[in-house]
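For reference, chains read A, B, C and D in written order, and residue numbers begin at 1 within each chain.
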Amino acid sequence: MDLTLQQKQEIEELRVSSYETRRATVALLEEILYKPIPVLDHGFVRVIDYMGDDAAIVQAARVSYGKGTKKVSDDSGLINYLLRHRHTTPFEMCEIKYHVKVPIFIARQWIRHRTANVNEYSARYSVLDREFYIPSVEQLAMQSKQNHQGRGALLKGEEAQHVLDLLKEDATRNYDHYVEMLNEDPDGNIIDEARGGLARELARMNLTLNTYTQWYWKIDLHNLLHFLSLRADPHAQYEIRVYADAMLETVERWVPIAYKAFIQYRVGGISLSAAALEIVKNMLAGKSVSQEASKMSKREWRELMETLGQKE
Amino acid sequence: MDLTLQQKQEIEELRVSSYETRRATVALLEEILYKPIPVLDHGFVRVIDYMGDDAAIVQAARVSYGKGTKKVSDDSGLINYLLRHRHTTPFEMCEIKYHVKVPIFIARQWIRHRTANVNEYSARYSVLDREFYIPSVEQLAMQSKQNHQGRGALLKGEEAQHVLDLLKEDATRNYDHYVEMLNEDPDGNIIDEARGGLARELARMNLTLNTYTQWYWKIDLHNLLHFLSLRADPHAQYEIRVYADAMLETVERWVPIAYKAFIQYRVGGISLSAAALEIVKNMLAGKSVSQEASKMSKREWRELMETLGQKE
Amino acid sequence: MDLTLQQKQEIEELRVSSYETRRATVALLEEILYKPIPVLDHGFVRVIDYMGDDAAIVQAARVSYGKGTKKVSDDSGLINYLLRHRHTTPFEMCEIKYHVKVPIFIARQWIRHRTANVNEYSARYSVLDREFYIPSVEQLAMQSKQNHQGRGALLKGEEAQHVLDLLKEDATRNYDHYVEMLNEDPDGNIIDEARGGLARELARMNLTLNTYTQWYWKIDLHNLLHFLSLRADPHAQYEIRVYADAMLETVERWVPIAYKAFIQYRVGGISLSAAALEIVKNMLAGKSVSQEASKMSKREWRELMETLGQKE
Amino acid sequence: MDLTLQQKQEIEELRVSSYETRRATVALLEEILYKPIPVLDHGFVRVIDYMGDDAAIVQAARVSYGKGTKKVSDDSGLINYLLRHRHTTPFEMCEIKYHVKVPIFIARQWIRHRTANVNEYSARYSVLDREFYIPSVEQLAMQSKQNHQGRGALLKGEEAQHVLDLLKEDATRNYDHYVEMLNEDPDGNIIDEARGGLARELARMNLTLNTYTQWYWKIDLHNLLHFLSLRADPHAQYEIRVYADAMLETVERWVPIAYKAFIQYRVGGISLSAAALEIVKNMLAGKSVSQEASKMSKREWRELMETLGQKE
C-alpha cells in the first residue's frame, strides 16, 4: 500500500479533526477512523464513517424513546437472541462506510452483493494508477483436483517464478500501452502534443484484471455480516478473504457484542440437514449408522463426519 | 403528541449527552437530534441518527482520500450536476434514521417504499397505546369528482360532526374491546384474574386503521429524496404529506446544498413528454397549437397549459 | 372464500385459454393456474403466472446455451448442492406471481419482506368488500406465558364466545359506518343523494384490522423460499402460516426438485451454534455435558436437548 | 458472434420445442425466443424467458380476478397514465430473462444496476473463451475536450491502426499466457502433463478487460426501462448503448403499448428545473430572458436553449 504524500496529508487532516456530537459514538472504532488497513500488496480497507453501535440494535428492537438498553448482560442476551432467531432488521439499523482499494477481478466478486451502496473510481473520467496485484509465492497454487473452484498444492519454484514473470510483464506492458494510447500520464499531463489520445473509456479495456480499482462501499450491519459469513469462509478465494478478515476486525471494534454473537452463531456454527440430524440422533442413541443407509451423498456424509469430529 | 414523563426524560438524557467524534457532524441537525417534531394529532417524526453531510456526497463522487471538497461554490456546482443528471449513487452515501409515530393506514402507504430499513413496534409482543388519529374539521373532505383517489370540497358542518362522532366512537369502543379481550392494560397489568386474555397477536385485529403505530425507519439520502418527491407532492394524501413536510425540514438542516438542488430540480421542476416538448417549441416559434392537433389527451393538454401558465 | 359470479366467470375464461409457447412449462402448476386455493374464512392464494422450472435453475447455474440439464439425477444433485451451499442466485432465475386475499393485520406482517413486487387493491380509489376475518373457535388462544409473542391454551367456551361476539359486532358496525360515511355502496352507488360522502382515503381509517385486502405479489424462488422458511415455521402466527402452507403446495407442483431440497436442508434442517456443536461432539465422544458447563443459556440448552431428542 | 455447432444445436432444440400454456403469451417475442441478437464483434443478447405482457400491467394495476383489460384504447390510456405519473409497481409485474455475452469492462458498468438477478459464467470454475472486443475504426475516438467522460473526434488513420495493433496484441498475448499458466485449454485438456497448472481463480487475473464474459440477467419491466433510459441515452458509452438498443427491440416486441409510452414520456421527454420552467414561461409571455438574469449556469443555459430549439 503506497499512499502519496498528499493522500497521507489528507487522511491526517481528517484524523486530527474532532467534533461534538449527540450521536452514539464508539471510541475503539474512532481510533482507526480513516486509517488504511493494508490488504494484499497494494490494497487497503479503511472506515470512513459509521452509524450506531451495539446499543442501537437494542434500541431499534425495542423501538425506544431513549437508549433502550438496560444492563450489558441484558443487551447481550437480546442481541444473541435476535441473531440466533434471524430477526435481522435491528442489525440493519447500524451502517458503516468503507473506502476500499482492491484488484478488479476481486471487485467483480465483491459487487455481486447487491445490498450495498457503491461509488467506484471512474476509469471513464480518470486515469487509473499503475498498480496491479501480483500474488506472493505462497499463494501460487495449482487448480484443486477435488474442488472445481478451489486451489490445491503450491506450484514448484521454477514454475512459480515463470508465472510471476508472466503476470508482472503482461500487467506492466499493458499498463504502459494504456498510457501510450491515452497519450496522458496519471497526473493528466499530455505526453506527445503532436498526436491525439484515445478516449479513457476505451483505453481502459487494455488493462489486466489484476489492476487495482477503488470504491466507497456503504452497507448495513446485517448485510455486512452476511457478506462476511460468505467471504471470510475458508471456501472463499484467498484474495477476497483477506479483505473480509480486515473488515471483521473493524466490526469487532465497532459492535463487540454483535461480533461475538456472529462468531458464535454463524462463523463457528453449522447447519444440519434433516437427514444429518437423523444421523446425529441415531448416533447419540447408540444405533449404528452408515452412509449407505442414510439418504446422504458420499460427499455430504464425509463432510458431516468431519464436522462431528468422527474418524471414518 | 403526548409523551409520558418517562419518555420525555429518556429523550432529554440523550439530548444532554455529548461525545467527541472524528466523523462529519452537522450542527444544525444536532440541534434537533432526538427531538420529536409533532405531526397530526398524536404523531411525530424525530431524527435518531445520521451519517454524512453535503461534503460526504462530494467525497464519494470523487472517491477521495480526504474530504474531497473544494470551495463551497464548487461543491454546490457538483451536487447540482449530480442531481440534474441523475447520478444517484453519491447521494446514497448519506444515511438518516427516524423514529416515527403514524396512524396505521398511513404506515401502510409509507411501507410501500421498500428501500429502507424498518423496525416496527410489535403488537404481537406489546399492547398498543390508546391513540388514534381523528382528522380536524378542515380535513374532512368529500370524495373528489375529478380525481378517483383525491379529495374535493369540505363536508358541511352537521355531516362533518357526524363523521367525527362515528370515527371517535368506533375507534374508542374498538380499543376498549381490545383491552377487554386482552384482559390486560397497556402497562401489562391483568384486569380480571378470574379469566384468561386473548393472545395479543389476535386481539389487535379489532383495532381500527387510524390507531397509531411507531417505527424506526432508516434510509439513504437518495431514496429519502425519492420518497419525499412522491409524498410531499400535492397529489399525495394530506396525512402522509405532513410527515414528508416535517422530514423536508430535517433534510434542509442536514444537507442544505443537496436540499436546494432537490427543490430546484425535482420539487419545482417538471417533466415534458416528447409531444409536450414539441408543443412548447412550436409555441416559442409562434406557430399555432391545439389539443386536437397534438397527440395529447385532453387531460394532459390541460395540465400542460396550466404548467406553462397559459390560459385556455 | 366467496367469489361473485362475475369473478368466477373471469377466472374460468382465463383457465380455458390455451396458447402455444416455446418457454419452459410445468404441467402440474398449469393445472391449478388462476384457481383460488381457499385460506382462512374469506382469503385465498392463487397463482397468476410463473417463469421457469427446475431445469431453469440448472440452466442458469451453468449459463447454458441450451437447456443445460443432463440426467434428472444430475440436476437433482446440482440443485441440492446449490441449496446446501447457499448459492442462491440460480434460484432467483425462477419467478412466480400470486393473487392473494388476506386480512390487513396479516398483510402488514407479509409486506415486511421487501424483496417482492406488490400491487395492492387501493382503498383510496375503491371501496373495500364487506369481508373480515373471524377466527374459528379452535384458534382463540390465550397469550402464551412463555412466549411473549405466541399463543397458549384455548379460551374457555363462554369467554371464547364473548370474544367472537365482540370481533363480529365491531367489524360489522365499523364497516357499516364506513359505508355510511362514504355515502356509497361497494358497487359505487350513492346511498343518499341529499348529502356528500367522505373521501375514500379518509373513510377507510374506520375499518378494523381484520378487514380483507388483496394484492398481486410477485417474487423470485430464492426469496419465496426464504419467506416460506420464516412463515411456514411453527413460530409464525397461525394466520400467516396457513398462507405459507398453501404456497408451499404450489412450490411443490412448480419445482419439485428444489422443493424437496428445501424441505431437506431448510425446513427439516437445523442450525447449531459453535457451543452447541461442541456439546454434540462431546456427547458423541461419551463425555458428560451440562448446561452449567456449557456457554449456553438455559433456554438454548433446553432447545438443543429437544432438537437432539434427549430427555432432560 | 461465433457460436459453436453444439451451441447452435442446443439453441435450435429449444426453438423447435412447443408447449401448451394458460399463461399470457406474446407471439412477436416468441418469434425470437432463444435467438441471439448480435452485438459488437463477439457479443449477443438473447431472450431466454419472459412473464406477462401489456395486459399484465393493467391486470395488476386493477388487481383483477380475470384479465382486467378492456378495450385496447383504455389499456393504452391507463398504461400512459401510469408511466406519466410514475406509478411504477404495475410495470414490475412483468419480468424478462436475457442471456448476454459482453466485454468485461462493459459488464462492470452494467452490474451497477442492482435491481436485477444475475448468474455470471464463473472463471473460478471454467476457462473463458478466446474472445475479446476490438473496436471498429469508427469507434476509435479521442478523449472529448468538453466532456470528461465522453468521446471526441476520431483518431487519425495511423494512430488508429497503432491502437488497434496494441489492443489485439496485448489481448492475444495475455490470453495465450492465461492458457499457458492454466496448462489447460478451453476444452479442459491438459497441455503439458509434466507440470502443474495455476488455479483458474488466479490465472484469470492476467486477462484484459475487453475479454468477453457472459451471464443470465433477469429483471422486471420497470427496472429494465430505467436501465434502458440510462444506457440507451446518447451520453452512455457506445459499447453499452448497443446492448441497450438491442434490448429495446425486444421490449417493443414484448410490450408494445408500454414501449410506446416509454418512448413518449421518457426517451423523448425532458426535465425542466424550476428555473428553466420560469424561463420558458417568460419566453412564452414575450419577456426577454438571458443567462445572466437566470439562476442557471452557462452549461445549463446552453443545454436548455438547445432543447428548446433556440439559436443563441
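Before moving on, here are some points about what is shown:
The rule is short, and it goes like this: a residue touches a chain if its C-beta (ideal position, glycine included) is under 8 Å from a C-beta of that chain, and two chains touch if they have at least 3 such contacts.
Everything numeric in this text was worked out from a predicted model, so none of it was measured.
If you compare A-C with A-B, the chain pair joined by more contacting C-beta pairs is A-B. Taking the mean of the C-alpha atoms as each chain's centre, chain A and chain D sit 29 Å apart. Between the Cα centres of chain A and chain B there is a gap of 35 Å. Residue numbers of chain C whose C-beta contacts span two or more other chains: 89, 112, 118, 120. If you draw each protein chain as a dot and join the dots that touch, every dot ends up joined to every other dot. Of all the residues in chain C, the ones that touch chain B in their complex are 103-105, 108, 111-112, 114-115, 118, 120, 122-125, 133, 135, 139-144, 148-153, 155-156, 159, 163, 166-167, 170-171, 173-174, 177, 180-182, 184, 195-202, 204-211, 237.
Those residues of chain C that touch chain A in the shared complex are 77, 80, 84-86, 89, 112, 230, 263-265, 267-277, 280-281, 283-285, 295, 297, 300, 307-310.
Touching chain D in their complex are the following residues of chain C: 3, 6-7, 9-11, 13-15, 17-25, 30, 33-34, 48-52, 56, 59-61, 63-67, 89-90, 92-93, 95, 97, 99, 117-121, 214-216, 218, 220.
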